[in-house]
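Presented below are the structures under discussion, each in the form of structure tokens.
Next come two complexes, and both contain chain A; in the first it sits with chain B, in the second with chain C.
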Partner chain A sequence: MTVGLPEVRSAHGDEVLQAAGDSVLALRQRFGDSIGNARESSGQLWVVIANDRAHEILAWLRDDPGQQFNYLCDVTAVEYRDPELPLEVVYQVRSLPRGIDLRLKIEMDPEGDLEVESVTDLWAGANWLEREVYDMFGVRFRGHPDLRRILMWNTYDEGHPLRKSFPLRGHRSRSEQTRNALAANPEAHYTLEELSIVEAYHELPADVRERLVREGRVAQP
Partner chain B sequence: MGLTPPPGPGEAPEYVESMSPNWVTTRLDFLANWARSNSLWPMPFGTACCAIEYMATAASRFDISRFGMERQSFSPRQADVLICAGRLPFKLAPVIRRIWDQMPQPKWAISMGACASSGGIFDNYAMVQGIDTIIPVDVYVPGCPPRPEGLLYGILMLQKKIQGESISDPSLRVEHLVGPDGLFRRPEQIDEVSEPFGNSVSQTRSG
Partner chain C sequence: MTPRTLEFELKTPAVDSSGRLIAAPLGVKRRPSESVDDDFGAEHMLVNIGPQHPATHGVLRLVVELEGETVRRVIPHIGYLHSGFEKLGEYRQYNQIVPLTDRTDYLSPMANNITLAMAVERLMGIEITERCRLLRIIAMELSRIISHLVWAGTTGIDLGAYTPFLWMFQERERVYNLQEAWTGARLTTSVARVGGMMADVPDGWEDQLRDFVNTFPNTLREVDAIFTRNAIWIGRTQGVGAISAEDAINWSLSGPMLRASGVPFDVRKDRPYLGYEEFDFDVPVGEHGDIYDRYRVRMEEMFQSTRILAQALERLRPGPVNCSDPRVILPPKSRAMSDMEAMIYHFKQVMEGIRPPAGEVYQAVENPKGELGYYLVSDGTAKPVRWRIRPPSFINLAALPKLCEGAQLSDVIAINASVDIVMGEVDR
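What follows is the complex of A and B.
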């Protein structure tokens, strides 16, 4: 007896583009002006969506029976060297049952307020991806349950390294960077799972304790 | 050994020919250094591809147990030599400092590879420009990554260095910290050794 697995399709070439194009047309029909330019790049389709309806659009793509984009491959961001070009937050979604990929981009003014709606309520896996985008680009995700740095350490205060305005070697001198890094006290800023020591709870700073209680990771003391 | 009756008056003490001498004379320095240099317990701090070469060095083909490093110590408290194999990001700077502080004296450090020694190709915001800005280093092994022979040569150099040490030198085990924040070098020294050089001089993306 075999265990029934959901059928996963893998479409090819023109078929993929055709299906993704149909999805873009359906998006246009449903969301009108909120859907911007769409272009083909390396055999995949990308489409610009409006920031204020991005969450709604992604939720529809995930839940609509005709779309079924149920897998979020990646959330990332791009800033171009040309200051005229917008900063983009990129969502790469895939429909596992249909074997179709679609890339959605939110365009933002690099100098402006970088804030988008979090999609962690749609895909739990977006949690760390959005934290990485926040860490590297400074894009804030409204409604994210735990928006803090993930690659750089918690007390890092030089900014967001992948922004074009960020110097390659950072803002501070090497000696200051060394001093700041040595003073980081990593134990004080990570969760009990990250540290694997429950005994540390009472030595953690108040904000970390509050976060642990809020997320229900420790019983209320 | 046995209980030989003490020689009576006028008798010469009996010399037992059959016993081999069970004592040697040597210099204490030589003895201590011989023991230390031939039983270095390494604490591998592997962060990148150099750690793969380190594993090759430890495995049967190159086999660092031939040099008294049979026991890999994955606990800093039972280790003699810290081998930093790979690049060290600033995020790990407090970690390697803590590990170094946990190691009991006498202790030594080997900086394995270009990144651990100088930051290597990573002259960027995230990378320590040489672990000698964090902890004292005895031997630098060049290479990207070094071959196992290179690391073995570095280990032999460290053994040679240890054999030249003297317990009468009181400065040998002093941890030279230059500030309360645990800096091992003065800030201007760190800035100087971290200056861009070679190819990375022209890496100016912005600012």
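What follows is the complex of A and C.
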């Protein structure tokens, strides 16, 4: 159900929904066209935001004294069965002092380039959540300090399991999957971060070394 | 003293983020920048804990960077128990997802079952009956008690106290007996259905529960007596793994982890569901955010849960458990065979399944581990487009590197225990 905001507010006397509606109005006032449709379902409000200003919008929601959405509840993604519908990256934010929730969505073409800006600099808790979305949907988060797979192992190469194009039983035969999983032997792998701890640093590729130094994860040699 | 070096080579080479192989021999040597003196502590060492290690509470692998005994960095590796529940849920009807929820947080299965039913009911706008509501509250508080009992018992073992573990697991067995009498299963209960419960409680169950509610606090007080003022317990937990309120919010912690840091957010109070606002109970809030405060918060929550259980038992009256909405609950067989309308509903439910309208809902509950959220997106068919679990222990575990900063190696075990993870939910 798509509704204009005044209708949302009059249809539900609920205070929480009204406060969330006020936040959407404030967003629209400040960011104009970057704020898309606002919709309501099951007494909860969500609003579509533009991908290129999403980080700015989330930072404003967090820091503005009138908004105070200081708690990031969840980051996830949704892909619909209908290929015409966009793939959505969903942020559930909450204002602990004001006691209201808001859901923000970034819409993307599922066939296109899936990239959004990371919010790990705003909320440290977004780190693993964004890694999970990357692992499961293949959405890349620009500026994420450590964008690796998290639930699947690092060498997993079958794709991103929660995409609708990924069959329930995987792309390959059961026996091949079992062979690959056994050969993966994840305990024998160390991440770049771990390699940087010990002396293997000098043998890393130059671009990786540069990144580790830039992010302050390794002592300057 | 000459610097000790230990050279070894990995059997399989390391891999960078784009999947390229990095053929690099690993050696534990000192860093060039930190060659202050030749003492042993200047070496940085990688220690691998797990995944098969009893103190990691499941299949969790921690790679720990050590400088002597001091932890410089902890890097958790998860995913060993990944079962793709969210993907499986997209291929199942709503009531068929209930058994999957058992297996996520298997230490509080009934609370998960009920959360899923609540999410679908909210999506469809279904009112449940009064008896169902109270039974659900009872189930959720029992889940909180058994989950916290496992936590306190195993954390005690991690820190060297074996006896309280036995006391607490005896009490937990009594709750498991109650679960078995109600559902037929001790662990995988699958107790909830959309619009009601799988069954009403059997005869005499309420008396057994009343007996439990009356006697359980005695055991809890014994545990309290042996832990709370115990010098060893205090020494191992106070000031260890502390996190401030600002950091706890920034790391999206929830449940006892958040409240132990002094943030009084409890979903039962702040986003009431199932009529929790009618119940008289307190939310314990810590002050220092260390392991000791988490222990105190969880202990007090168990006392408060027995208070809620006693109140729910007092209000429990005979009556129907399932609602009468024919979209989700089958009409009685006798009516389905004689009444045309009832037969149509029966046919549609059996052949098509429950079909919520297109829409989405985020249903949060206060699970023992923290805020459990089920985010359901429906496109009007009988199977969800997306069933997202907001896993409290996954998000709490993400803060482990932060909690372990500057701790000793033995503290890592205690801090990891204090997070209260269950790997079935972390990996899903």
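Just so we're on the same page, the second predicted complex is superposed on the first by the 175 of 221 C-alpha atoms of A that agree within 3 Å, B and C clash if a C-alpha of one lies under 4 Å from a C-alpha of the other, contacts with A are read in each partner's own complex, and residues count from 1 in each chain.
Note that a residue touches a chain if its C-beta (ideal position, glycine included) is under 8 Å from a C-beta of that chain, and two chains touch if they have at least 3 such contacts.
Because the structure is predicted, anything quoted here is derived from the model rather than measured.
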Using the touch definition from the top, say if A:181 reaches chain B (first), chain C (second), both or neither.
first
Could you look at A:169 and tell me whether it touches chain B, chain C, both or neither (first, second, both, neither)?
first
Would you check which partner chain A:158 touches, where first means chain B only, second means chain C only, and both and neither mean what they say?
first
For A:22, is the partner it touches chain B (first), chain C (second), both, or none of the two (neither)?
neither
Go through the superposed model and pick first if A:210 touches only chain B, second if only chain C, both, or neither.
neither
Under the stated touch criterion, which partner chain does A:129 make contact with: chain B (first), chain C (second), both, or neither?
second
Which partner reaches more residues of chain A, chain B or chain C?
C
Of the residues on chain A, which ones does chain B touch that chain C also touches?
152-153, 161, 166, 168, 185-186
Chain B-touching residues of chain A, taken from the complex the two chains share
152-153, 158, 161, 164-170, 173-186
Okay, in this complex, where on chain A does chain C touch?
1, 41-44, 46, 70-74, 76, 78-82, 90, 92, 96, 99, 101, 103, 123-129, 132, 136, 147-155, 157, 161-162, 166, 168, 185-195, 197-200, 203-205, 208, 219-221
Which residues, counting only chain C, touch chain A once they are in their complex?
10-12, 14-17, 19-20, 22-29, 31-34, 44, 46, 48, 51, 61, 63, 65, 72-73, 75, 77-79, 82, 84, 86-88, 91, 122-123, 125, 247, 249-253, 263, 265, 270-271, 359-362, 364, 371, 373, 375, 377, 379, 385-386, 388, 390, 394-395, 397-399, 402, 427-428
Residue ranges of chain B touching chain A (in the complex, touch as defined)
90-91, 93-95, 97, 123-126, 128-129, 133-134, 179, 181-183, 187-188, 190-191, 194, 196, 203-207
